[in-house]
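Next come two complexes built around subunit A: one with subunit B, the other with subunit C.
Presenting the complex of A and B:
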């Protein structure tokens, strides 16, 4: 395995880890509950590593993308339900990302939000149309590394490190009222959902097939999911911790996606602000493309159409049509005037409902020796896989009641 | 598996989500949002006065917050009540950190009063 390939793979995973939902929920969680939810990010990141690694391994060995196995393992009816729910969830998420990019461009250039959202969507369409898969992934992933400014900013503002460290210990803060306890639980569930978004698995496993992964790529897969996702999640921890330090005491519970950029402006002024906005721009833009392509992958794999960015657009016409339609729909949602933050909230709630259905067939196939041979889940992957499966089922059951009881974490 | 079961289940969940998404926020949630927006405006104004922000960012954030404050006021059950007037006052303030911070404190007081009732 080439070291350059490995480094690029890891860096791409780091830069592509954060999206608009994470920016919103981490900043709000830090402001509201200080460091008390850091452990949930760690917990969810390990879950993402477990299922991400599994999906990459299944793609490399069994050559099965997620939705192909979903239809075979869940049956047509339940598979179809999962497909529809995923399409809805990904389209809302894509709309939230397009709205987020529109806002960041508006804050960078001063031009109107609507023209910026339309222009961004046009750039996304051109990107997918013109660039091969690897370049799409790498361009946005690597440019998303500007997000590192959030981690540097955290060090610069010198938070109380001892207090910050206690956040890594699972806890329920003492003295919370019943309402606060519900809101704390809502944020915990939302963080699990935002970190373990199902589109990430669809995109990752389809990408592995696009790049023709085989047995030789299992090391790259493991390192990308463990080191890449691990370092990526440090950025989200930094956003939460800076928010605890800067926004909480100021009474700010970020209501606008652009607010997070202030975290870098406080220690580094205009340069920090610019780097933060650029990082947010590319990270969110990458997520917009991923969510859109995830829908095209899902639908094509489910119905057995020709798919992939390795094919020219006219060689996979239905696949091409789907991603174009998804962008148009997502842009249409943004143009109705719904706040991107509200879209991110809905996306997170809908996504957590889809997670159990997404991960069950993956877990079953990754443990099946007839497909996976000696690469089937060992006892560690099996134990972690089922433990996390139980966790996301509980989170999925709790998500909707918590969303309603806390008015989306606002109470 | 009976195809009706998942279909019914997804319909129920979809209706719940649609209901949840479409629900009108309670006055308390709206006041909390407005209080935070006022505090965000104050923070942006303070950092802008320290020349730490780019003009496009500062203007965009202030304009966005004002629009959301105006929308928040209209969502209240009584837009011309005490909370509504306080939100309207914060929305009308210039981009000046001091008055905006006071406005945020006023909204925090309204919020505390609602929470105690």
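Presenting the complex of A and C:
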């Protein structure tokens, strides 16, 4: 494995980790509960590493992408329910990302939100149609590294490091009212969902199949999921912590995705603001493409169609039609006037409901020695896998009641 | 054929099918059996395409599937299955079994603009 290839893979994972839901929820969580939810990000990131690594390993050894194995393991009926839920969740998420890109472009250029959302969608379609998969992944992933400005900004504003460090310890803040406790729980569930979005697993494992991973790539898989996702997660921690330091004491509720960019403007002025907006633009744009392609992967794998970004659009026509239709639907949702922030909220609630169904077949297949041979889950992967599975089942059961009781975290 | 003992429902049904050229060309949506009461059953074909779901899905779900993926069905004789692993491989190209028609129809709906080949 070439070192450049390895570094690029990891950097792409870092730049591609953040999306609009994370920007919105991390900034709001920091403003509202200071550092008390940092530990949830860490917990969810380890979960994402566990399932991401598993999906890459299954793709490399059993050569099975997520929706193939889902249908084979869960059967047609339950598989179909999962497919429909995933399609809905990914389309809403894609709409939220397009809305997020529209807002950032509006802030950067001053042009209207609607023309910017339409222009962005047209650019996404053109790039997927014309450019090879690796170029798309690397362009958006690497340019998303502008997001590092958030981590540098956090250091520059010198937060109370001792207080920040206490955020890494699992806790429920003392003295919260029942309503605040519910809102704290809602944000905890939303963060788990935003970090562990199912589309990330579909996209990652499908990419591994497309790149024809084998046993020799298991090291790259482990490094990308642990180092890449880990460093990407640090950016989200930085957004939460900066928000706790800057917005919380000022009573600012950073509801709009663009507000987070002010975190870099405080220490670095216009340059910081520009870098933050550019980082957000490419990170959210990358997520829009990933969510859209995740739908095309899911449907194609479920029905056994030809699929893959390595093929020209005409070589996988049904796959191509699906991602085109998903972009049109997602843009249509944005054009109805629904706020991108509301879309991001719906996306995290629907996504967490899909997670248990997504990860069950993955866990079963990754532990099956007849397919995985000596690469089947060992005791660490097995223990972590089932522990996280229990966690996401609890989070999925709690998500909808918490969303309704707290009016999406607004109470 | 390199098939030994197979569990039809857990090992074959809902498995990805690839043709001789290793192209994805569907899923084993059902298995056709032949035989009379009191006699041994014999596998005669695999059924491919959403039309094969009729007996497996509730009516509302079948309508939805037909809307998304159509309701066509192709029958591939069991003797054409070359081997079974994590996929079912066929002995000849997909077109020989009528498995590539839906892709052809979809291709006609796409604008004729080429994409770049992906470099290795």
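By our rule, the second predicted complex is superposed on the first by the 411 of 411 C-alpha atoms of A that agree within 3 Å, B and C clash if a C-alpha of one lies under 4 Å from a C-alpha of the other, contacts with A are read in each partner's own complex, and residues count from 1 in each chain.
What we mean here is this: a contact is a pair of C-beta atoms (placed from the backbone, for glycine too) under 8 Å apart; a residue touches a chain by one contact, two chains touch by 3 or more.
Here the structure is a predicted model, which is why all the values come from computation and not from measurement.
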Side-by-side fit of subunit B and subunit C on subunit A, or clash: fit
First, second, both or neither for A:85, with subunit B first and subunit C second: first
A:121 touches, of subunit B and subunit C: first, second, both or neither? neither
Subunit B versus subunit C as contact partner of A:233, first or second or both or neither: neither
Contacts of A:339 with subunit B and subunit C, given as first, second, both or neither: first
Partner chain in contact with A:270 - subunit B first, subunit C second, else both or neither: first
Subunit B versus subunit C as contact partner of A:306, first or second or both or neither: second
Contacts of A:351 with subunit B and subunit C, given as first, second, both or neither: neither
First (subunit B), second (subunit C), both or neither touched by A:71: second
Lowest C-alpha to C-alpha distance for subunit C against subunit B (Å): 6
Overlap of subunit C and subunit B interfaces on subunit A (superposed complexes): 75, 77, 84
Residues of subunit A that touch subunit B when the two form their complex: 75, 77-78, 81, 84-85, 103, 106-110, 247, 250-256, 258-259, 261-262, 265-266, 269-270, 273-274, 277, 339, 342, 346, 349-350, 353, 400, 403-404, 407-408, 410-411
Touch list for subunit A against partner subunit C, complex: 62-64, 68, 71-72, 75-77, 79-80, 84, 129-134, 299-307, 309-310, 312-314, 316-318, 320-321, 371
Interface residues, subunit C side, partner subunit A - complex: 14-17, 23-27, 29, 48, 50, 53, 56-58, 61, 64-65, 68-69, 86-87, 102-104, 106-107, 109-110, 112-119
For the subunit B and subunit A complex, residues of the former touching the latter: 1, 3, 6-7, 9-10, 13, 16-17, 20-21, 23, 25-26, 28-29, 32-33, 35-37, 39-40, 42-44, 47, 51-57, 59-61, 64-65, 68, 104, 108
